[in-house]
Every structure is written in structure tokens, then in C-alpha cells.
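Each in C-alpha cells, the structures are laid out below.
Heads up, the next two complexes both have subunit A, just with different partners, subunit B and then subunit C.
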Partner chain A sequence: MAFDAFQKRKERQLLWLLLPALVPLLILTIYPAVYAVYLSMTNEALTGVAAAKPRFVGVANYLRLFSDGRFWNSLFVTFVFVVGSAIIGQFVLGFISAIALRRKIVGAPVFGAAILLPNAAPEVVAGFMWISMLAGGDHATLSKILVFFGLPYVDWLQTFPLFMVVMVNTWRGIGTAMILLTAGLAAVPAEVYEAARMDGANPRQMFMRITLPLMAPTIFLYMLISTVSTISVFGLVYALTRGGPGNKTEVISVYIYNQSFTAFQIGYGAAGAVVALVVSLALGIAYVRSLKVEV
Partner chain B sequence: MAGISEKRSGAYTFLAYVTLIVISIFCILPFIWMALASIDSNAQLFLKWPDSVTFDHYTKVFAEENGVRWFANSLFTVLSATFIVMVVAGLGGYALSRSKAWWKQPFLYAILLIRVLPSTALLVPLYKILLTANNGIGTLLRPLVGEHYRSVMQLFGFIDGYLGLIIVLATGQLPLALWIMKVFFDGVPKDYEEAAILDGATLVQRIRRVLIPLALPGLAAAGLFAFMSAWGDFLLPLILLSSPELQTLPIGLFRAFLRVNEIDYGLLAALATIYLIPAVIAFSFARRFLVQTFSGGVKG
Partner chain C sequence: MSFGPAVNAQMNEKFRYSEKWKECSILSCRQNVSVYIWVVTLRDMRRRRAVREEIVNKLVAGGLAAIALSLLAGTANAESLRVALHGQAGIDAFTPTAERIEKNLGIDVEIVEYPAPDKDYMTKLLTELAAGNGPDLFSIPSAADVADMVAAGYLAPVGAELAAWPEYADFVDVAKQLAVSPDGETYVVPYILGIQQIYFRRDVLEKAGISTEQPEDWADLLARAKEIKEKTGSFGLLFPAGVSWGGGAFDEGFSHLIIGSSTPQLVTEDGKFDLTSQGVLDVFQFYKDLIDADLMPVDPLLGPEPWVIPKYEMFPSGELAATTCGSWCYIFDWGRESRNPIPDVTNVVGTWADPGQNGGEFVLANLGAPWAVNAKAANLELAKKALLEAGSVENQIETAARIGNIPASNAVQKDPRFQALTELVPIQAAANHGTYLKQATGMSVVSEGVARATEALLRKETDAAGAQQILVDHVRQTLGDEAVK
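For the complex of A and B:
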């Protein structure tokens, strides 16, 4: 009995310690998410009549959203952005770097640091640096390099905007992919490779039959994480193109931002936000389940 | 046999070098342009060797632009947020590690899921909540401070004020920090605390004398990640701050870049370099914690 009372008191103390974290999370993350659902069913606006007296409009915003070509375009752009940069670009280049760095390489820490450096760059700095690489037509650094190899001048951000945004986001995430996949590679026991070598397996066979299958859970987890975090990328795209030219690089987060803060249609922007929230949450739940969190 | 496989191995090593060199150049080329442009007396938008080396751009950032102000604003808001995160996540992470109550597992799942919510999607409702809070604190303070109302609101306001930005920045970093601290305390044996309890120490004494010294490495990791993420955040200051006196470095850089008619690339590069350096320093310390956060936190 005395022990029970002691446990109860201890748990109450612990709850008090958690309270300073619980309160801001409830007010500033959970409540806004719920509030977004409510806002999406009103005609709330930042200015004008609707700002003073918002009305409940039911699913009208969603009907409008699903018939809005610009919204579908932003979903398509987001899809290309995520698949191109997170699933393909960062993963492939990060995996290649991780595998290359498993050999005895002179200056391995220097290569590692160079590949990780873009990770440290704040989004606005990354956008600014890449404007130098890509914008300015004839004068862009990338043009100068390619002209050196005999290729024609291209205005990169005007001609291939989405591909360029994908490339820049790839650039930013190779390092993380490399680090996480290096950890995954190190976890594959050396004896397995040893046994395969004894059986006369070549490097390609060992990669396809041992490395990939044993790494599959790590790779799956990595892809979920990078997909979710790439969906929410805003600053990089906004600083680089602001969604343009046209709406060619308007990913969902830039779309929501433009609808809410440029067009001032809060209710309508919230409907887009709810779609983004639902997709992210679904992926997040898959992530949490596959993580098998020990608590 | 051995000869062939050695030759093969040599070819693979060569391939590894070529790959690493190409990827590394891709990764650092933009940085090289920025570093060179920031000291080039005739800086251009493309990569070139400096005409002559000068540090005028750096002095200009501080002397002519509001560089000092932006830097101080960034440092103040981000360090305050980081400090709050370390305290709150230290306490909360301890509670999450030691509790056996029913709310533990739902809470842990919840903080993992909060991390995946895109911040742009939460921004509008968040803005409305902050606006309400701002009006509330405004009506409260207005009769008290009178003519100083504007400057007081720049400190304690939730919209266009330091307090709002700091609290929202801190809340954004809390989930990962809580996770890091929970996992950290899981690795700290309970013997120390139990010994302290037997010696009759109160909860506050236990926290101050036993837990804080033990938790320092975990707090350092949590603080580093909070600092990096808050330092790099662009969206929140973009939405929450409008007064020129309150601008932070990312917004100063972004706005300076938008003044299309008078772009001074040397100046911008110097400003961007100044903004980049603290991020790189923090990242170089945080690097070794990167893998651990992967198992629970979402990268970003």
C-alpha cells in the first residue's frame, strides 16, 4: 500500500515535469492542426468582408480545391519533387558515396565533410548560392562550365525549373543519406560477405544478394523519413523560384503559402493545408509503425 | 586468380575516387562561389577569381546595412529558443523516460507524428491563434505602459514581437529534443536517483545535483539540433515579423536579394557567409549525433 502511494506521487511529479512541454505542443501544434480543419470549412479571409464575418461553407472549399488545376499541378510538382530529390537523387548519390567511402580512401574525412556541407546551409543561403549557379542566363556558373565542354548556353531556371529545384534539393540531402546509409552498411555483419566470397560471389552478386536485402529495412525507413521531410520543404523552393516561372515549381507548401498569404484566402488555403496534413500523417503513421518504437 | 581480383579491386578503388571527387565538387562549388564573391572587389553572379581581395563587403554589412541588428536579432531569438528547449525537453525527457503511466506511449507516438506535420500547413491557424494572444496581451499591457506601448509589444508581442517568435521556434524544436532526452535518460541508471532519494533529497535537489550533471551530454545534443533548425528557419520570421528593427538574418538576406535594381553580389555573399558560419560550426558538433536522431526523430 505504501509503495503504491509512493508510485502514485512519483507519477504525479513526473507529469508536472512534462507539463511545460505538453502545454505549448497542445496549443501551438495540435490545436492549429485541428483548427485548420475547421478553417477549411469556412470562407475566412485575411482582408475584406469575410475577414470580419467568416461563414461556415461546408465542403465548398474542398470542391473548389479539387476542381482547381493549380492545386492538382502543385500535387504533381510535389510528387516529382519528392520522388526526384528524396527517393532518387539523395538516395542514389548518398548510397554511392557511402559505398565508395567503405574502401580505404585517402582523405576520406575531407570527402565526407564536403558532401555534408550543404546539409549545414540554411535554406535561404542554399537558394541564394544556387541562384548564382543557375540564374543570369549566359553568366550562370553552370552555363560557364558546360560551355567549356562545348554545350550551348541555357537559362536553367527558365528552361528546366522543376528539374533544377529537384537537383538543388538533392544537393542538400546527399550528406544525410550518406551518413544514415553508412550506419546501415556497417550493421551488415562482415562474416556474411566473407562466406559469400568463399562461395565465389562477385561484388555485383554480393551487392544484389546481400547488401540490398539486408539493408532493405534501413532503406525503407530512410525513404519514409525523407519523403515526409521533403513534402514540407518551403524555404529552399521559395528562395530559389517562389514557385515560378508560371507555377512550374509550386510545391504544395508554396501553394498553401501563396493562397493564404498572397491571395489572402485563409479558408481556401486551409483546405490545401488539410490535404497536406492528411498525406503527411498517413506517411508518419507508416513510419511510426515500421519503427516499432520501444517505450 | 589473386592478381585478377587485385586488379579488379584497384579499378573499383579508382572508380570510388572519381565518384567521390565528382560528388564533392558538386557539393562545394556553390560555397566556393560565395566565399570568393564575398571578398571580390568586383563580385559577379558567376564563379570567378577575385579581381582583387577586399573585406569591404563585410564591413559594409555591418556599417551600412543593418547587419549588426539582424545578427543580434537572430542570435537573441534563436539562443533564447534553444535555452527554453533545453530546459523544457530536459524535464520532459526525464519524465518520459521514468514514467510507467498510461500516457507515456500515446505521448511518444504523438511527438513523432507532430514532427511530420508540414509547418506551412499549420501556419495560418497558428497565425490566428497568435493574433488572438497578441490582442489579449496588448489590451493587458496598453494601460500599464502607455506611450511605450509599441516598443514593449516588440518585446512581448506574439505577432511582430520577440516573444511570439521565440515561443513558436522553441515549440517547433521540442519534439525532437524530447525524444533525444528521453532516449538519453533511458541510458542513465536509476541507481543515482534512488541513492539520492534514500538520502532524503527532494525532487528539485535531485534534478539540480544529480540529473543536470548527468544529462549534460544529452542536453548538448538536443540544444545543438534545436539551434541549427531554429537558426535555419525562414518561414516563421517571414510571417511573424514585419518591423524593420526586428528583422533576422534570413529575412535580411532574402529582402536584400529582392532589391533587384541594386543587387550588390559581394555584399550579399558576405551577408550569406556571416549567416552560414554559426550553422556550419553547430553542424560540425552535431554530426556525430546524426545517426541516433534517425531512429526516432525525423531529419530536417
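For the complex of A and C:
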């Protein structure tokens, strides 16, 4: 009885402790998400008759969305963007950086700081900075380098748009990956390596049989965070290409923005946002379940 | 026996100027010291609290004084008006008018700078208007947006004010007609016009021995573009297209052709959109012919700011020999206000009227960023008075000088300041002969549909019939089946 009372009191205390986080979460995350679901079932717009008198249209926006080739294109572009920049680019380079920083190499702190530096620039600033390097014409930085070697200049954002967007996002995210994976590496006990070394394991075997398995929870936690956060990347892509040329770099976030704030169809844009939310949730759940990561 | 290091440190600190603690016995001394430390700490706390209170009091007093001063400053003019402007040229052009409004109406004008590209400006403006916190006075870059903003309830009717305004009698008829919304009311002051034609590099054509005569019809125009490409290697003709150009794909591209087609209007008598017509199909076929023959620079049109390379780089350098443009090109794009001016622009760059599909000549007229009043303006009457100042002859001339649009009032013909703008004088005199597209609610959706359809053509994803289907589908899906004839 006394234990129950204690338990209840403890639960109430925990609730009070959680309240400062719970209230903003409800107001700023849960409510907008629920409201987006409602909006997606209306023809709400920023201009025209629908702005003054929006109507309930049921699932019409979703039916239209699923028959819209541009929407499927945006999902494909998002897939390439996430796999290319978050899962391959940032992870691989971040992991290499984390391992390199553990070793006693000359200039390691400078190397670490240099990798973290891109995070200091806001997305849009980073985007414009890269435009100045990748743009066509003989004033762009990369073009100047090519011209110096006697090569014709290339408009990188026109010729290889998606690859360039992937590259820039990789550049921007290596630091975060490095920090997270460095923390994971630090948690691997040194004794295990010591024992493996005494058993005659070579570096490759130690990496494959010790480092990777013991890092798995950290790696998958990183994958979860980076996948979900990369799906929602907007400012960088919008500043770089606005989703073009054509729709070649129109990731789902840019597609949603274009529908909502360029074509001014808020209801239809909200339907796209709800689908993006469902995709992110599904991926998150899949990650968590596949490795039983404690989040 | 010795005290702990912490106590010793405190004693040294507190009794720095006293030797009394050395005189007591160890036990009593330790008690005395403890008591003394508490007393000193308490006194210290009180002193700090006093200092803190003093600082807080000073901050509060200072803050109150600042608020009072700002209130006093704010009441220099009891009323204020928030005006949305975008683009440095627009801000420079409007600044003298803002000063006149302040002087004549005795109010403060707060100029708020919005994002420069029209598309981003409209996004911010519409979002704010929808949220109910839009500016009191603003301009609308694309005339295709006006009817939809009226339908959304964002614009205050100003027909009565314009009718009672003596200066309005001098406005050319085409401007007044363009300002009337589908419901018969007027919601904007049509102070300047965009008079558009095809601009070509006379020097490039003459040098290559290509005719500079007015093309007779679309076939002749296309043949001229091909000849330019063959003889000079330059792109022969540009019609703005694609999603990135925003409203320009419709206003500065598609409209030039549809007015000369077999079905020159998009809106039927009952207010529906006639988009399945032969004229619309033929316009898209003309785009396709230009693109397939590589007569139009396609790559720049798919980039984020598609006007920059063709208009500001390729045309001045002669890499592009002809393009649709408005009177502003003689001043803003390639003239004295340009960053990349063409020397002797009025002689080097000539104009052709838009040829009709089967003959005829058309000069496209549309409203140039008309001013409107927010229906939810804090002080509607005041905002309407300021609107008339924005429509004044002075603002028309200042805008013409900075940007190159055509003043809507015939009164400018007697004004020496306008007479000095020699590039614009003959165009203004002929403004009343302009042809224009009838507006209807939903026109902004048609404009977006045209942008999407022409984008598909640019990317060579479809043919003319497919582009027309993209336009029809977009309008049907957005406005409903009943909106399309």
C-alpha cells in the first residue's frame, strides 16, 4: 500500500519533470502534425476562392498526389539524396575521420576542427557559398581551376545537379557523423583489442570482428538520426538549386514547399507533408526494430 | 591542532585586516570565527542584494524611459502605414512617394523590404495576408494574381476612390479596363503598364545580312530565328518558360503567342477557362519547334534564376539575338539602370510587334505591378489615400525612370521629366493600342499550369498535346472540373 503510494507520487513527480518538454512538444510538434493531416483533406490555398472558403475534399489530395509523376520523382530524388549523402557520404567519411582522430597523428585537432567547420555555416549561407564555387561561367571557383589547367569550364549545378547536392550535403554532415561515431568508438573497451592482438588478429579482423559489431548500436542510431534529418533537409537544396534544373534535385521537402508556397496549394502540400512524415516514421520504426536500439 | 584548509582560507580572507582571531583559544576562536564568518557572509549577502536591487532598479527605470521615449517618438505622427516593397529599383523608385505620403497625410510610412524575386515576394505577401498580418499597401507583380487575390478577400475595393480622383481621368483606357476585376469592381490602381513586344539585336542581324523587318506571322518569326542560328550561331529567339521563371512564363512568354493565335482569349463569357482550344495547342507547338531546333537557350531556363543568363548576359553579348521583353528592357535590363548595359541601346536593339499566327501585329499590354490596399489594413481610409499617392503622376515618372515601365496617365506627356525619357515617350503615346488577356479568378493557377507545361517541353518530356494536357490537368485538379470549358 505504502509502496503503491510512493510509486504514484514518483510517477507524478516524473510527470512534472517531463512537463517542460511535453508542453512544447504538444504545441509545436504534435498539434501541427495533426493539423497538417486535417489540412491535407481540404483544398485550402493561399490565394483564390479556396483561400476564402476552403472545402473538405476527403482523400482527393492523396489520390492526386499518388498520380503525380513529380511527387514520385521527388521521392526517388529524396532516396538518392539520403542514401548518397547521409548513409554513404557522411557515414563513410565521418567514420574514417573518427578512426583517424583516435590515432596519434600530427595536426589531429586541426583536422577535427576543419571537419566540424561546415556545421558553423547556416544551410542557406553554405548553399550560396557553394553556388559561387559550382556556378557556370568563368567567375566560379571550380571553373577558374579548370581554366587554369586549360580545360573548359563546367556548370556543375546544371550538368551534375543531384551529385553536387549530395556532395555538398555530405560535406556539411561529416562533422556530426564524426562526433557521434567518435563517442561510439570511445565506448569500445581497449581490453578487447588488446586480447585480440594477443590472439594474433590483424587490423582488418579487429575492425570487422570487434569495432563494427560493438559499434552497431551507435551506427544504427546515427543512421536513424541522419536519415530522418536528411529527409527534411530544405534550406541547403533550395538555396543551391530550388529543386532544378527541371525537377532533378526536387527532394520531398522542396516539392512540399513548391506545392504549398509557390503554387499556393496548402492542402495539397500538406498531403505531401503527411506522406513524408509517414515515410520518416516508418523508416525510424524499421531502424529501431531491426536492431532493437534503445532510443 | 590546526583548522582545515577551507576554514583557514576563509579566516585569512575575512580577517585580513584584523589580528583578533589570533588572540583567542583554539576552541573559542574556532566558534568565534564561525559566528564571524556567518555575520560577515550575511552582511555580504545583504550588500550584494542591495547592489543587485540597485542595478535592477536602474535597468527598470532605463527600460521605462526607453519605452516612454519610443512611445513619444512613435507619436510624432499618430498614424503609420506599412508598405511592402521588393527589389532595390522598386525601393528607390518609391522612396520619394513615401516621403510625399508622410508629408501630405501627416503619417509615418514604414517601408518593409520583401524578398526580391517576384515569386518569393508573392510567397511572403500571400502568407502574411492569409495570416491577417499583411502590409497596408503593396504592389502585385503579376496581373494574373489580382483576380485570385480579390477572390481570397485580400484586396480592398477602391473603385469609388478612383472615380472621385481627378487624376484618374487622364489614365489611358486600356489601363482602366485592365484594372477592373471579373466582379466589375476595381481593386488596384493601374499606375504603370507593361508594354511588351519582341526585342532583337539589330546590329547582330544587320551584320549577318538578316532582315530586320517585322515578321509577318509565326512561320516567318520561326524562319527568322532559324536564319539567325544558321548565320550567326546565336540563339534566335527566347520566350520565357518553365517553373523557375514564375509568373514570367505566362506574362512574358505564353501571352505573347496566345493573343495572336486562333483562340486569343483564355476566358469564356461564363468565366470558364478555354484551355483545350486549338490556339493553346498551337502555342505549345511553337515552343516545341523552337526547342527542338535548338533556337532557344534551354539550360539557363531550368536553373534557379532563369532570367539572369539569357537576359543579362547572352542578349547583351549577342549570344541571344531576339527575346520577348517590355519597355523596361531599354532602361532596366540593358539601358542606363542595367549592370550590363548595351551601348546606344535604342539603336542597337530594335522591336517587332508580336506577329499573329496567320498575320497581324499585336503589342501586349498588362498591368505593371499595380498597387493595392490590404482589406484588413488598420486604417483603411488612410491606406486608400496613400494608394492614390502611389498612383500619382510623380510616382509613375519616378518608376518609369528607374525601371522603364510605361506611365498609365497621359498627363506625363506634358511633363518635361518624362519627355527626358526618350526611349519611353513613343511607347507611352501608343499604349492605348495594346492587346490584353481577359482576367478571371483562377488565372494564377493557369499561369502556374503554363509554367509546368512549358517546363515539360523544355525538358523534352512531352509534345505539344502533352503540354496542353499538363495545363488542363493542373487547372482541373486545382480548381475543379467545372473551371475548364
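Basically, the second predicted complex is superposed on the first by the 238 of 295 C-alpha atoms of A that agree within 3 Å, B and C clash if a C-alpha of one lies under 4 Å from a C-alpha of the other, contacts with A are read in each partner's own complex, and residues count from 1 in each chain.
In the analysis below, a contact is a pair of C-beta atoms (placed from the backbone, for glycine too) under 8 Å apart; a residue touches a chain by one contact, two chains touch by 3 or more.
The shown structure was predicted, so the numbers you read here are calculated from the model rather than taken from an experiment.
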- Looking at the overlay, does A:P217 come into contact with subunit B only (first), subunit C only (second), both, or neither? neither
May I ask you to decide whether A:W130 touches subunit B, subunit C, both, or neither, giving the answer as first, second, both or neither?
first
Output check: A:L39 vs subunit B and subunit C. Expected answer is one of first, second, both, neither. What do you get? first
(Q) Taking the superposition on A as described, I'd like to know which of subunit B and subunit C A:F261 touches: first, second, both or neither. (A) both
In this superposition, the partner of subunit A with more touched residues, subunit B or subunit C, is B
Between subunit B (first) and subunit C (second), which, if any, makes contact with A:G58: first, second, both or neither? neither
### Task
Examine A:L281 and indicate which partner it touches, taking first as subunit B and second as subunit C; both and neither are also allowed.
first
Q.
On the A-aligned overlay, A:P189 touches which partner chain: subunit B = first, subunit C = second, or both, or neither?
A. neither
Check: subunit A residues flagged as touching subunit B and also subunit C 136, 261
Seen from subunit A, its contact residues with subunit C in the complex are 45-49, 51-52, 64, 136-137, 155, 157-158, 241-242, 244-246, 258, 261-265, 268
Residue positions on subunit B within touch of subunit A in the complex are 8, 12-13, 15-17, 19-21, 23-24, 26-31, 33-34, 37, 44-47, 87-89, 91-92, 94-96, 98-101, 103-105, 107-126, 128-129, 167-168, 170-171, 174-175, 178, 203, 228, 231-235, 239, 250, 253-254, 257, 265, 268, 272, 275-276, 279-280, 282-284, 287, 290-291, 294-296, 298-300
In their shared complex, subunit B is touched by residues of subunit A numbered 10-11, 13-15, 17-18, 20-22, 24-25, 27-33, 35-36, 39, 93, 96-97, 99-101, 103-105, 110-111, 114-126, 128-133, 135-136, 139-141, 144, 171, 174-176, 179-180, 183, 203, 221-222, 225-226, 228-229, 231-232, 234-235, 238-239, 252-254, 256-257, 260-261, 266, 269-270, 272-274, 276-277, 280-281, 283-285, 287-288, 291, 293, 295
Touching subunit A in the complex, subunit C uses residues 119, 123, 126-127, 130, 145, 148-149, 151-154, 243-244, 246, 299, 302-304, 309, 313, 441-442, 444-445, 448, 455, 458-459, 477-479
